[in-house]
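Input: structures, listed below.
In what comes next, chain A is part of two complexes: it sits with chain B in the first one and with chain C in the second one.
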Partner chain A sequence: MPPVVGFVARRLGRAVLTLWFATTITFLLLRLLPGNPALAVATPNMTPQTQAILLRQYGLDEPLLVQYGKYLWQLVQGNLGVSITQSVPVTDVLLERLPWTLLLTGSSLLVTVAVGIPLGVLAATRPSGLLDRLVQVGGVVGQSVFVPSVAIALLFLFGLQLRWLPIGGAYSPGVYGGQWYLDVAAHLVLPCVSLVLVQLGSYVLTLRATLIDSLGEDYCVLATAKGLPHRKVVWKHALRNALLPTTTLVGLQLGFLVGGAVLTETVFAYPGIGRGIYEAVTQLDYPVLQGAFVLLAATVVLANVVTDLAYGLLDPRVRTQ
Partner chain B sequence: MTAAGIALDQVVADQPTAASATWTAFRRNPLGLVSLAVLAALVVVAVAAPLIADYPGGYGPAVLTPPSGQHWFGTDNLGRDIFAEVVWGTRISMLVAALSSALAIVIGVLVAVLGAYFPKVDTMVGTVVDLALSLPVLPLMILVAALAGPSLATVVVVIALFSWPEVARVVRSQALAVVRLPYIDAARLTGGSWLWIIRRHLVPAVAPVIVVSVVLTASRAVLSAAGLAFLGLGDPNSWSWGRILYEAQQSGAMSSAWWTTLFPSLAMLALVVSATLISIAYNDARNPRTREN
Partner chain C sequence: MRLRLPLVAVTALAAVVATAACSPSAPSDSAAQGGDKNATLTIATTTDVVNFNPLLGNSRTDGWITNLMYPRLLTIDANGAKQSYLAADRGYSDPTTGFYELRGDMKWSDGTAVSAADVAYTINTIMTKKPAGNVVYGQLANVESASAPTATRVELKLKRPDATVVDEVGFWMNVVPKHVFEKAPDAGTFANNSDWVSAGPFRLTTVAKGQSYTLERVTPYPMAPAGTPNVAKVVYRVYPDVNTEILALRNGDVDLIANALPPAQVKTLQSTPGVKVQEVPGLGYAHMTYNMTRKPLDNLKVRQALAHAVDYEAIRSVVLQGQAVTTGSSPIPPVLKDFVKPDLKEYAFDPELARKLVTESGVGTLRPLTMIYSLQDAVTSQWAQLVKDNAAQAGITIELQGMDRNTYLAKTAAGEYDIYAGNFAIMDDPATNMALTFLPDGAINYTKVDDPALSALITKATATTDKAAQKDLIWQAATLVHDNVYDNVMYMQNLYVAHSDKWDGFVVKPSELLSVVDPQSLANARKVG
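Presenting the complex of A and B:
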């Protein structure tokens, strides 16, 4: 078997295992917690007969293992249950919202990388310079800040005081054609910048640290010694190797990023899954909450598989491990 | 006793202990000291909350007034004093952070140390930790908190339940290195039980990592608790920083009155930044290589 096939198979197997893990703990938590769905469905003032009928209808009277089997089988078919408040399949509710969350998290990742690479390079090539100090302070503060605090500050300043940007939602009603894209972009700016601000710090700090390590390695010393311009040593030689661990970090932080997106969407009334979670919380719509977690977990796992595979293509060492 | 033996004793006695060397180095770091002072001040505020401000319960006639001499941090949409809310919020936020991180540390260290000592357990521990860390934790916390019903205990348990894998990851990598050292083999050869070896030899060796973990887990717990509260899943009967933000967002006050959100945000930032800086300063002070310069 060629090593590439083994590598891909291992990564896919891992992804499936992660998804199984996520769905299984969800199932167990839902069944074992004090507020279990049987109690949520059946209220005390129902007659025992009505309760029994309801429980049977939801399949909650069967043994746990049977319920678990059915639950997994439904998940495989993409069935996440029915929303209690909206009486439509959870999958429909969430798939409508997913593109907005993907747009928000995807664009914030792109901006973080696009801003983070030059910042990291500048900080690493002039250690202890003014910019480097700023980056270090900003890195610590960025990691420590509460996402809604940043979001609210941006909303207040640029949305309400300066009135440069829209304060909420993802688009304005009644805008079509080319204007629509501009409108969506304008609505995206503040939520996206909020997420960029909270994740840029750790990205730049990691890149800076690995880049300083790379620059001290023999191959970079050699490249400098043979007369290569400094700019080339940094961008072509050191950065390439430093980007790999940094990319892994981005993959590891996707779960955190999704959490940030949930809070940001809540502040900006952005119609993604996060805002859906917020609304489901106020209405105690458990199937939606459960479905949102499963869907977000699946998205993160899928994104990790893609980065892993891309990583494997870029770096032959990974494939043979 | 031979002369050489006495001389050796002398040398050992003159050597500063690791803890005092770390503390000496820590004291030379101004950022670390300032952070320690900020953290201490917050602890004092948390403990002495009843002495500093009245419990923010009663509605006042002055609704959404900006900061003034009477209301240092202004008032919220129901005329309650935000300074009092932040002061009492310090108490709950730090309590939640301390309790949930303590619980997470106990579980995480236990899992990590047992895993490091028993290779068979470790395969499972490693897999579970890796899997748990790759999942989006906040949506999972939300699901559980919503099911269990909002209360202080729920928040603490939920945060601990999903924070220990991070502790386990950090402690485990250190413990795995320690277990391979010869002195652990020696301890085994003396016939000590595994419990004794873990308690007396393995846990002390990873203690510095645990210290850093406590600080970082607690500060992250502050943010998680605030996140839950911001979505309406905090304890509705006690003030926390997250709840102040939640109420400002619910009432729409956040868009007209900047003081309703700025001050709790600053309090949170002060706590988390100082905790982070303390752990960085401690790490630097502990490391003989960075200690020299």
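Presenting the complex of A and C:
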């Protein structure tokens, strides 16, 4: 078997195994939660008999293994089931919300990286300077603040006092055509900034620390000794190595961001998947929760597989390891 | 590294493209062009719509939106009395036959007349399909079937005399269009998420899930001035966080906040320029129940001791900031004036008396008692601490167990508590609600009380159609509950909603469900500024 085929097969096999594991854990964890969907939607006059009928309707009265088998069989057929509370396919529920989460998390990640890297470089190249001190303090503060506090402060200042930006939602009702895109952009600014503010610190501080280390390495000293301009030593030699931990952070944050934007989405009334998950947890809507977690797991696994495969294609050492 | 950053960029770009694909198209007929009659009323809510099928309704916002399209047979006035809505008349032609006589001037927005067949279909569908979350199903326990002998008359064949069913079903049930719902494969799970028809003042036209719900005016609507609702559009916007919602009102993004304001925000908004705060009578109450299946709570003296170890006035003035009234420790909320027994007095806060009662109970040293409540209920979470501190003054130890809603519901269902703390949202009919709360098989009998004398009174009250006799029975039952501490009702919270001072004409009805967003209220609301 050619090494490339083996490499691809191994990566794909690992991805499928990871997905199966995530799916199974999700399935079991949900059933360990207290209560059940019938209790979550029960009205004051719903008798235990009616609740039992509901559980039967949802197939939740069957043995766990049978439920699991049916769920897996549905899943391999691409069927995520039907929402218990909304009576619509889970795929529809998730696809309504996913684009907004991708837009919010994708743009916040881009801005964070775009701002964080230059800021980290500037701090590392002027250690103990004013900017470096500001970055260190700001980085720690940014990591410590509670997202909703930042969000409400931003809304109060830019939404209510200055009235520069809208309060809540992804766009205004009744706006169409080209104006709609501008409206979406305006609604995106504050939630994006609030996410950037709370995650920027970790990127800047990580990059600053690793870049200071790299600049002290022999190859950087040698490059400087050879007369290379400092800018070139920093941006072309030291930064490449220093970026590796930051890259790892980006990968780790991707999964966290998609599901973890729930607080931001709640305060800014942003209709993303994080809020959808929160609502589904409240209602114990198992199919929606299972579907959402499968989708999130698949997103993260897929991103990693694509990256691994691309690395493998470009770097022969990875393929043969 | 060279690839990972571009990958992120591509992902973000894909997200932008995907979002762009969601760009909505402009509707062909735009109603809102400016001017009072063409104004849009934007209403804020904290919860999203879960389901558009009123047979299934789950969230508060579901109810507000479906109420605007699917009429109820009866409504309720400011004093909590049932009034005609779709039904012009109702009653009992004999002890086991109830009836509604419909007004004949209401139509669905597609031109089909609203008829008795729609009502009978709705009732029979609820009975056969038992839809999840349907509040009416339990009220139909004594109904054998519903029929429509004429276009405007609905008859309910009862299994046994039941004086509550006509009013309760009339008030709680949204009538759905038979000609639409019977085409669905299963009306009990029908999502009803497009092509809505409405017999109310507004019809849902556009949905942006998680964000906004746009309804447009329906004419004619007989309960509106001159048969036409004042506003062209009603838009519900979802703000899950109440602080954001308030900022949106102050900013002018929304005109009305539909959900009840947290007590702490009421005073601030009362003094905010451009904002009017409207009081809405509550129809429910906050209470603690003592699980009588667990010793020593089966001992009356212990329950009395617990009842006298709570400073109710402090709870109302500190936690509720004065926005609540006493019920006299009675399970009948003051708004139901016809049924309130005036001589029932609130249990006095008296730690010394509580100590004495514990001693007299003969149970010896009182073991620590657990009290469960939902952490999602901010008000209860606050007063729970006061209850614990008050009880400590009487030498009684209460262990607080605040928990997430689903755990709370599971523990409640399993009876795993000594003290249950929570709220009863709407008590519109004393007999029905006492049956649910105090009969041995009552679904919310959290005290686990099984008192034959009380059960007999409640059963009689639910069966008698003589209002005076029913009132007397309710009074006797309320006295038994009060004297035996079968329920410890702490207060009835008055609700407050806020709206822009550029709007008026709202009609206030009790409870958060109706409040100022009832169909008749929104049909009469008008822009004045």
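General remarks:
In the analysis below, the second predicted complex is superposed on the first by the 244 of 321 C-alpha atoms of A that agree within 3 Å, B and C clash if a C-alpha of one lies under 4 Å from a C-alpha of the other, contacts with A are read in each partner's own complex, and residues count from 1 in each chain.
Convention: a residue touches a chain if its C-beta (ideal position, glycine included) is under 8 Å from a C-beta of that chain, and two chains touch if they have at least 3 such contacts.
On a predicted model such as this, the values are computed, not experimentally measured, just so you know.
One of chain B and chain C touches more residues of chain A, and that partner is C. With both structures placed on the common chain, the touch criterion links A:L244 to chain C but leaves chain B unconnected. Touch criterion not met for A:G227: it reaches neither chain B nor chain C. Of the two partner chains placed by superposition, only chain B is touched by A:F21; chain C is not. Within the superposed three-chain model, A:V184 lies in touch with chain C and out of touch with chain B [touch as defined at top].
Look at A:S107: by the touch rule set out above, it reaches chain C but stays clear of chain B. In the superposed model, A:L284 makes contact with both chain B and chain C.
Once chain A of one complex is fitted onto chain A of the other, the partner contacts of A:L296 are limited to chain B, with no touch recorded for chain C. In the superposed model, A:P63 makes contact with neither chain B nor chain C. After overlaying the two complexes on the shared chain, residue contacts for A:V141 are found with chain B alone; chain C is out of touch. Chain A residues 33-36, 148, 152, 155-156, 160, 167, 254, 266-267, 282, 284 lie at the interface with chain B in one structure and with chain C in the other.
Chain A contributes residues 17-18, 21-22, 25-26, 29-30, 33-36, 140-141, 143-149, 152-153, 155-156, 160, 167, 252, 254-256, 258-259, 262-263, 266-267, 277-278, 280-282, 284, 286, 289-290, 292-293, 296-297, 300-301, 304 to its touches with chain B in the complex.
Here chain A touches chain C in the complex through residues 33-36, 38-47, 50, 53-54, 57, 84-88, 96-100, 102-103, 105-107, 109-110, 113, 148, 152, 155-156, 159-160, 163, 166-171, 173-174, 176-177, 180-181, 184, 240, 243-244, 247, 250-251, 254, 266-269, 271-272, 275-276, 279, 282-284, 303, 306-307, 310-311, 314, going by the rule given at the top. The part of chain C that touches chain A in the complex is made up of residues 1-5, 7-9, 11-16, 18-26, 32, 40, 42, 48, 50-51, 53, 56, 58, 130, 132-135, 137-139, 189-191, 193, 206, 208-212, 214, 235, 237-241, 243-245, 247-248, 250-251, 253, 405-407, 409-411, 413, 424, 436, 441, 443-444. Listed in rising order, the residues of chain B touching chain A in the complex are 127-128, 131-140, 142-144, 146-149, 219, 223, 226-227, 230-233, 245, 248-249, 254-256, 258, 261-262, 265, 268-269, 272-273, 275-277, 280.
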